[in-house]
Amino acid sequence: MKRTLLILTLILASLATLAQDGARQHRIVMQLTSGDTLAHKNLMKQFKNMLEAAPTARIEVVCHGPGMDLLMTDRSIVRGKLKEFAAQGVTFLACNNTIRERQLDHAKVIPEAGHVKAGIIHIMERQEDGWSYIKAGF
Amino acid sequence: MKRTLLILTLILASLATLAQDGARQHRIVMQLTSGDTLAHKNLMKQFKNMLEAAPTARIEVVCHGPGMDLLMTDRSIVRGKLKEFAAQGVTFLACNNTIRERQLDHAKVIPEAGHVKAGIIHIMERQEDGWSYIKAGF
Amino acid sequence: MKRTLLILTLILASLATLAQDGARQHRIVMQLTSGDTLAHKNLMKQFKNMLEAAPTARIEVVCHGPGMDLLMTDRSIVRGKLKEFAAQGVTFLACNNTIRERQLDHAKVIPEAGHVKAGIIHIMERQEDGWSYIKAGF
């Protein structure tokens, strides 16, 4: 009996830990599909606010479609900010399908960006892993 | 043995209850970032349809960025509807970061609205608690 | 003791199976509210990319508001593609509330589409069942 109760206690304790960790470690995947520079500027403000309110949150931004403009050195209007936020831990992800379809120059993607094969698939998988999802833009 | 089985039964029963409650009590957090009055009118239609289809659903609407226009007495074009839906249980939440950044007048936020420090953080936390998320607008 | 351990093992095994199944079977519900034909064309590209990257994913597209234009035979600019993707397993769902409110002709909804009473309620329920959510459009 004692051993059984011990095992049950361990199971409940690990469930409680999981629940607590979930509450503590915020993870958010943002989707940017807009090429609107106003949406890009607004996103920078949101990063600032999010990092202030939840400094340890993991933040990923998946850019695809016209949203890839954010990450192109020759198109982005917030190049300096991207460097700053990347240094603070925000992850920028470029969609390789978009780069191919829009015939963008791989060499002009900002060096701070990581790459994913298909933006939407990545966002889907993050949600499956329990990340919160926010669609950026207006 | 009997006691162990009893404990296991209780654990399974509470998990089943949790699952059932989850299915029964709909909880939805909507994000409005658009200042487009057409999007605001459309949102009112959606509330009506949602309350008809799921009268006991908990509905929260987080307004930030240009979406804060919905909740400003001097800008909202659906002021009367907001009062009606608030009376029916829809929760409207104003983003304090937006109010500060857009230098909006706190006194002109509709009295029915609650406040959150950072809109996106609130939406993230709701998703962490199992709420469904809908981005409003087109 | 032995029986208790067996029961615990079975519980843990079923939890593990659930977790594994969740990882394997991708399920994604997309929301289209935009009448912008550029958004409709873009959605077709996304289906192609998603089916290539995750051929067994279950994909549902809920069309409501101006997004219903995608599914109207007299308005859709991607009629042929819809047929193709429906044949490949993509599910298109028309919102009956929108059809009534916009006074659309039921007979002109593409025959490949299914119907839901209220688009948002359906999307909410899918998320409650663990589906990932993507808002389409820019």
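Every chain is named by a letter (A, B and C) in the order it is written, and numbering of its residues begins at 1.
Following the convention adopted for this analysis, a residue touches a chain if its C-beta (ideal position, glycine included) is under 8 Å from a C-beta of that chain, and two chains touch if they have at least 3 such contacts.
Quick caveat: nothing in here was measured; it's all calculated off a predicted structure.
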Quiz item: Looking at chain A with chain C, do both copies bring the same residues to the contact (over half shared) or different ones?
Solution: different
Practice problem: Could you work out how far chain B has to rotate to sit on chain C, using CA atoms and steps of 5 degrees? | Solution: 120
Quiz item: What is the distance in Å between the mean C-alpha positions of chain A and chain C?
Solution: 22
Quiz item: By residue number and range, which residues of chain A touch two or more other chains?
Solution: 4, 8, 133, 135, 137
Quiz item: For the complex, which residues does chain C have touching chain A?
Solution: 1, 4-5, 8, 22-23, 26, 28, 42, 45-46, 49-50, 52-54, 57, 130, 132-135, 137-138
Quiz item: Can you list the residues on chain A that touch chain C in the complex?
Solution: 3-4, 7-8, 11, 31, 33-36, 65-67, 97, 101, 117-118, 120-121, 123-125, 127-128, 133, 135, 137
